[in-house]
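Common to both upcoming complexes is subunit A, partnered first by subunit B, then by subunit C.
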Partner chain A sequence: MNAVLEVSNLKTYFKKNKKTIRAVDGIDFEIGKGETVALVGESGCGKSMTSLSIMGLVPAPAGKVVDGSIKLNGVDLVQMPEKKMYDIRGKEVAMIFQEPMTSLNPVLTIGDQLTGVIMHHLKVNKKTATEKAAEMLGIVGFSDPLKTLKDYPHRLSGGMRQRVMIAMAMSCNPKLLIADEPTTALDVTIQAQVLELMKDLSKKFSTSILLITHDLGVVSELAERVIVMYAGQIVEISDVDDLFEEPLHPYTEGLIHSIPAIEGEITRLQSIKGNVPAPGTVLPGCKFAPRCSKAFARCTEEVPGMYVREDGRCVRCFLYDGEVVE
Partner chain B sequence: MTLTNERRIPNKPVSAEDHSLIGHEAIWKVMLRKFMKNKLAVIGAVLLIIIVGAAIFAPMLAPKDPSQQVLLDKLAPPGKDYPLGADNLGRDTLSRLLYGARISLLVGFASVAGSIFIGTVIGAIAGYFGGILDAVLMRIVDAIISFPSLFLLITLVTIFEPSIFTLIAIFAVFGWTGTARLVRGEFLSLRKSEFVLAARTLGISNTRIIFSHILPNALGPIIVSATLGVGGVILAEAGLSYLGLGIQPPTPSWGNMLQSAQNPQIMLGAWWYPLFPGFMILITVLAFNFVGDGLRDAFDPKIDD
Partner chain C sequence: MTTYIIRRCLMAIPLLFLISVISFGIMKMAPGDPTALMMDPMIKQENLEAYKESYGLNDSIVVQYGRWLGNMVQGNFGESFIRQGVPVSELITARLPNTLLLMLVSTFIAFIISIPLGVWSATKRNSLQDYAITVVSFLGVATPNFWIGLVLIMVLSVHLGWFPIGGVATYGEPFSIWDRLHHLVLPAFVLATADMAGLTRYSRSSMLDVLRQDYIRTAKANGFRQKTVIFKHGLRNALIPIITIFGLMLPSFIGGSVIIESVFAWPGIGLLFMEAAFQRDYPVIMAVVVIAATLVVIGNLLADILYAVFDPRIEY
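Showing the complex of A and B:
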């Protein structure tokens, strides 16, 4: 198995006022080399906590990875001492964020920020780092990289800053790039450019991408596989085409029906009724049952396990109890 | 249903010119313009340049040796020989003021440099790491602030020989609390910012994040507090010297020049003798405060230029 990232039974809990909030509640997934996997779900379903857990940056002391393992090329990051994580972050795993306007330091030049990272990880001198930085800026599409290196972030537009962030994240050739809503804050035309850029780079450097988003349009554009999360758990894992063709879990179905279709007859847009359960609520059965239109008695009594179908798709729903192979 | 959206745009290179819609101007230019708009601050800055220049070039500017005593000329009024008069030992007031500026400014700058350094490091650590470390450090700050500082200063000065060095050390060691609180506050809000998280995901160490990423963002308030602090220290030094606990004669400082004027006959008869050192203290402290206020406005993005 040549998975770059293997997450198994990951549990990240938060303690707040003596209450335990299960932000990430036992998730398992893998990302292969050069593969782009999307992690989708509503706000508060544990997407960002999953990414912070991988980076080893869960806000301490309230939050903690309490169980499970995160293996990057076979090495467990959960057990990794903090000192060693400094060499992992940015070199093996890098991350880009939602808000390009605020994720660059306003008082340092683009060059300072880029070369700092390169010098730290590749252990090269300032001159080599500057050359590498200019090269990266060229790759992400700046026509005059040497000039941009001397610029401060406020001179750049949102799309350009996101390009700089991508250049910075990719500068040490990481195995895995985590993109946390990379295009949410950008306008539509720039979004397309940034997605295209990420796709190109992923191919060029054979970097795996974990794309965290709630925008299914972005998912269809970039991802090969999709992981659907709900309330800290994975409810469905599927290839992107299958998912849009035939969503298995009622929640996935709801998500897909809540975006307008461009072709076909115009129908009323559907929404999923109700809200994500408040963090910390413990339900005896399926966490989605209170909002599910297909729920039946068993759903509120038992917690559904992950069913693996014959075609390899995984879904956490009793509707598929009959089709199990395991 | 389909989700493929036909909005692919060729990924052509973009350059700074295409997109520089926001903020053409360098930040410092904007700040300089805001500062220049504040007339008092400009006056303060000009005064400071003159005063600092006079202190630096004191040996060239002073007409006489500041410790040369001509007892026949004691308490001479301002005139041809003594532009600002002479003191009770017949020393030239102008020369003593010029040399005194060196001492007063040296004490001011050096103590503030020390207290800013201590305050910044402690405030940065408390604000960045938070938790128990923050609580302990801030309680130490509270304890130091609740000391009656004037009496503490007097006690310390009587224990240690009052020299320029001890004065600077004492001011630095007891003057950092305000800066520490200020820097802590800045760090508390900045450590949550996205660029700090981004830096952490890139494997940058805490030390580097504190000193090369967050500190430059907090520099504005620190510079303002330093500027205002210099004025405060000059006043405090003058106060101590006036009580005879500061800079010891014959070394002139503005404070100890006032000390020897503590005599009703001198005060009333030879008004020029206490007036000039007092005036210099006033002007210098005012100038520092004006500049500090101007800098505060210049650094504050909420105040439009």
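Showing the complex of A and C:
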């Protein structure tokens, strides 16, 4: 398979006051060329740490990738020296963040920030970089790119800034774009526009996208495949249509039932009972068992492995023990 | 911008007025008056009275202040009581350049040492260097700088003979830049130490704060090297709050220069003020107070303008 990104057995831990917090606790997944994969889960389940691990930006010295590999086109980023990572970040793997209001440098013009990245990675002169920057701003929908290049970020709205962030991320034609809740801070109409833009660009440049979100509406809009994370582990990987039609893991089911339905009769919104286990707690069984309505004896005694079903869907739950192929 | 500057200058007028009223009051409340020092202690009472009368010292404080203010707004600071017949403005123009030079060089030294130290400390947070800088800074905050001045004079000037003991230039020598610098280094450095410690701590925390910002994460995610991240994306942001500190530092700087000028026999307005205060030379005291207050106002205005230069979000 021509996977752009292969993550296997990735473990990213934090050490705080001699306690170990397993922010990412052994996850495996792949992203194909041009594919958009969503990573969903409740707050604190390790989504951002997964993405920062890929970027090699886990906040040191407390946090560290302790095990596993992250292969980008077959090259392991975990083993890569920091010096070489400078050429990967922003070029091979680019990232956009949740907070467009604060993610741009307030004292540098949009032009300085865009051309800085372009000159750094593409090794071109200022003039070529400026042309490229203007072109990118045009692509992300600015009507007067040359004027915008001279503007400071505080003059732009949140949606505009996120467009600038997207232009910046896409300017060196990355193989993988990581978007960590790119639309959470935007209002609904702007959200839709930004998502549309990301969809178009990924098609146009055949960029793979790892989309991190806890908004399942965004997932159904953009993603082809969905990875569901819970407490640092992956509990389900499914194609997006299958996931919404027939969620396998009880946790996924809970997530889907907690989206308010727009059409149809008003039913009571269900939320998943209880809370995510406090980071650092170690349970003898399934981490979701204490909150699971379908839990049985085995769930609290044994840790479930990943079951791969005949149709290729993966789920970490004893309910599917009978259907395993592997 | 221009309207802003004009507005600020106009706003400074009532402030300066208030400062002059308060200083005048405090000065008059202090016991003693210039006659006690100038006159022969055996002088006849009626002669003393006549003298006081001629200088207007017997009028009510309000009248005296009014007279001083009236002259001052016409640019006339009067004549010194002690050095009879010497206009105060002459004393000031002879001394002010020395003080300005000392303060300018001293500010420069304070910034050029403190900011890099603070930034370095921030980027090496919790390292041995960081702790060392922190400890030295705290010692610096706790040590009065006239004491540092005296110690340095004793060690570097008296024992080692590397620097002159005081003054602005070697007496009787023709003017030379080197000689001037040689005299300037020590007092300027000592005056700088007053704010260096605080400034270092402040730069450190400002830089640490900046390094936590989202745009720094963006810069890292774009593959910039640590050096580029700190100097191109971080430093300018970190300097913005430090400018405010520059404005706040000025009064203590001027206060410090009074002490340091005395320690180093540096003939500036600080030393002039010290002498005048001991001799109750009212016109000189008032002139220095007004000038010092004006310097503070100008400094703060300068800080505000720099603010707008460094931070594009601020527009006046």
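Remarks
The rule is simple: the second predicted complex is superposed on the first by the 326 of 326 C-alpha atoms of A that agree within 3 Å, B and C clash if a C-alpha of one lies under 4 Å from a C-alpha of the other, contacts with A are read in each partner's own complex, and residues count from 1 in each chain.
Please note the rule applied: contacts are C-beta pairs under 8 Å (C-beta built on N, C-alpha and C of every residue); 3 or more make two chains touch, one makes a residue touch a chain.
Note that the structure is a prediction, hence the values are computed from the model and not measured.
The superposed arrangement places subunit B and subunit C in clashing positions on subunit A. Contacts of A:221 after superposition on the shared chain: subunit B is touched, whereas subunit C is not. Of the two partner chains placed by the overlay, neither subunit B nor subunit C lies in contact with A:8. By the touch criterion defined above, A:189 reaches subunit B but does not reach subunit C. By the touch criterion stated above, A:200 is placed in contact with subunit B alone, subunit C being left untouched. Of the two partner chains placed by superposition, only subunit B is touched by A:159; subunit C is not. In the superposition on chain A, contact of A:94 is made with both subunit B and subunit C. Considering which of subunit B and subunit C touches more of subunit A, the answer is B.
Contact with neither subunit B nor subunit C is seen for A:300 once the two complexes are overlaid on the shared chain.
In the superposed pair of complexes, A:143 makes contact with subunit B only, with no contact to subunit C.
Once both structures are placed on chain A, subunit A residues 55, 57, 85-91, 94-95, 97, 99, 102-108, 116-117, 120-121, 152, 154, 165, 168 are touched by subunit B and, in the other complex, by subunit C.
Against subunit C, in their complex, subunit A makes its touches with residues 55, 57, 85-91, 94-95, 97, 99, 102-108, 116-117, 120-121, 152, 154, 165, 168.
Residues of subunit A that touch subunit B in their complex: 55, 57, 61, 85-91, 93-95, 97, 99, 102-108, 116-117, 120-121, 141-144, 147-148, 151-152, 154-157, 159-160, 163, 165, 168-169, 178, 188-189, 192-193, 196-197, 200, 216-217, 220-221, 244, 256, 259, 261-264.
By the touch criterion stated above, subunit B contacts subunit A in their complex at residues 1-5, 7-9, 11-16, 19-24, 26-27, 131, 193-195, 197-205, 208, 212-213, 216-217, 219.
Those residues of subunit C whose C-beta lies close enough to touch subunit A in the complex are 213-215, 217-225, 232-233, 236-237, 240, 310-313.
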